[in-house]
Amino acid sequence: MIRIFVTGGTFDKTYDEIRGALAFDDTHLPEMLRLGRSRVEVSIRTLMMVDSLDMTDADRELIVRHCGQCEESQIVITHGTDTMVETARAIAAGVQEKTVVLTGAMIPYAFGSSDGLFNLGSALSFAQVLPPGVYIAMNGQHFAWDKVRKNRETGVFEAL
Amino acid sequence: MIRIFVTGGTFDKTYDEIRGALAFDDTHLPEMLRLGRSRVEVSIRTLMMVDSLDMTDADRELIVRHCGQCEESQIVITHGTDTMVETARAIAAGVQEKTVVLTGAMIPYAFGSSDGLFNLGSALSFAQVLPPGVYIAMNGQHFAWDKVRKNRETGVFEAL
Amino acid sequence: MIRIFVTGGTFDKTYDEIRGALAFDDTHLPEMLRLGRSRVEVSIRTLMMVDSLDMTDADRELIVRHCGQCEESQIVITHGTDTMVETARAIAAGVQEKTVVLTGAMIPYAFGSSDGLFNLGSALSFAQVLPPGVYIAMNGQHFAWDKVRKNRETGVFEAL
Amino acid sequence: MIRIFVTGGTFDKTYDEIRGALAFDDTHLPEMLRLGRSRVEVSIRTLMMVDSLDMTDADRELIVRHCGQCEESQIVITHGTDTMVETARAIAAGVQEKTVVLTGAMIPYAFGSSDGLFNLGSALSFAQVLPPGVYIAMNGQHFAWDKVRKNRETGVFEAL
């Protein structure tokens, strides 16, 4: 059983047609798993629904606490890409003996051309086979939390 | 570097609008990797473009030979689901010391609602971290080649 | 109020993932109208769900009878493209004083890249403003039933 | 030949993956017409690429002048929905003897679930058959410019 924590990010951005702006509504995770015909046993919980630039220390503490307290030892977290590495660091400092994989998307899933479905398949797979530790899974690759940074110019995660 | 061998299957079925029927054209793999924003280094080669029910022993020999001869030790094969297990068995008999992951789709990628993008992200990830052996990656799960069968009634791969 | 008669055709083809083949299931019309945010008052009725190459004279009689007997004077019919002109001729012979617009698609709506949504918007619009008669609406154009043929080589409807 | 003027609006909003925000890039009109397999002869010109809430009087003058001066007597304008009626009024005051149809979308075309393709098929069809005048085509319906308002609460165009 894999625990999935949803925290928002581009992954789950949607288009508010009355205001004509990006917004957060419910998570698309269940729909994505259905579309991907996933048969991985998962338990999904939405912890927050925020742009990762707006994520506070209190938000990160909440994520760390949930990772530590949940029964599952394999965890996938959907997260905005801008501060994904920062949250990974907080989890690494507070959680032991679990495989935690953070993932996200550059394009909202609600837009047809999303990398989210690809990344979700990738993150769930890495979570099943990587040894305990905190990882970032993006672009089909995985990085230990302290060996990666996001290049803000190109939008790409790069190995340090 | 991961080697990707394309053999056809539902993954790559397309719609021939003149004949009004399913058909095979070029593979969608490069487009899917671009859409998924994959940054995994891959080398793609189309070996054949067939429905796996039409795959012959000669076709399987060709796949086995290419798996054995290519330089890469991590291989992903896109394949029709109906005889995926049979091809996996042939590879297991003929190829040693390589991680070979077969994957496919229940719905063509060209149809919007494909599980192909999810499975591709999954297969590429498993290929990077699983020890040498022959595996099937479907539905977010992975199975050793001799521990799985496709349930033709439900379309689902089940552990033996 | 516009009456919509569904008869099948490429418009409504779907992919049967167990058999790995094209199939007909329920019509996608309601979903398409919702997606297009249509506010045209319509009443939808599925008369049959067939490939138009398989349509019989009895099928055409049924369509003609329904066009004649329904209360609405504006009618849109979704239909396979191969024999669309033949059905239009039968309706022209049997129905007077109504605006009947036949439309279809070259690519199934269930495939992401469908021309169906475009054609549906077009057909509903033509049905509201054209004088009584039987028309074919394809590719953003409209043709009187006796001034058009389908070019089987190119898949395009051409004026005679 | 129908002239299409592009002015921006939700129709053409796209997602800037570096900034994580909505943006305008090139128009999607040619791609949409290709997807819809449109065979209507059109000539496309982008006049501006703005949110219609940011449209100025000078912008409207420019649109009116282009409508008056172009050779075509059938014109489709893609436009943000918020001030579509205001622009329609300006055109009605400055352009005679032409059929001008404004249309737009509630959801960007770049998002999979767009009403844009449906509306485009509708607007092109109305432009071919309505008598000279200025119209708004949304939701499969058409309204004379002075008989409609946008309900900002529901996002729907309503007859006055």
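As written, the chains take the letters A, B, C and D, and residue 1 is the first residue of each chain.
Convention: a contact is a pair of C-beta atoms (placed from the backbone, for glycine too) under 8 Å apart; a residue touches a chain by one contact, two chains touch by 3 or more.
Worth saying up front: this structure is predicted, and the values here are computed from it rather than measured.
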item: Between chain A and chain C, the fewest steps along chains that touch one another; value: 2
item: Joint neighbours of chain B and chain A, given as chain labels; value: none
item: Repeated interface matching A-B, over half of the contact pairs identical, chosen among C-D, B-C or A-D; value: C-D
item: CA centroid of chain A to CA centroid of chain D, Å; value: 38
item: Centre distance in Å when chain B and chain C are each reduced to the mean of their C-alpha atoms; value: 38
item: Centre distance in Å when chain C and chain D are each reduced to the mean of their C-alpha atoms; value: 26
item: CA centroid of chain B to CA centroid of chain D, Å; value: 44
item: Multi-chain contact residues (two or more partners), chain D; value: 106, 112-113
item: Pairs of chains, among all present, that meet the touch criterion; value: A-B, A-D, B-C, C-D
item: Of all residues in chain B, those that touch chain A in their complex; value: 32-33, 35-40, 106, 112-115, 117-126, 128-130, 137, 139-142, 156
item: Chain A to chain D touching residues, read off their complex; value: 10, 15, 17-18, 20-22, 51, 80, 82, 106-108, 110-113, 152-155
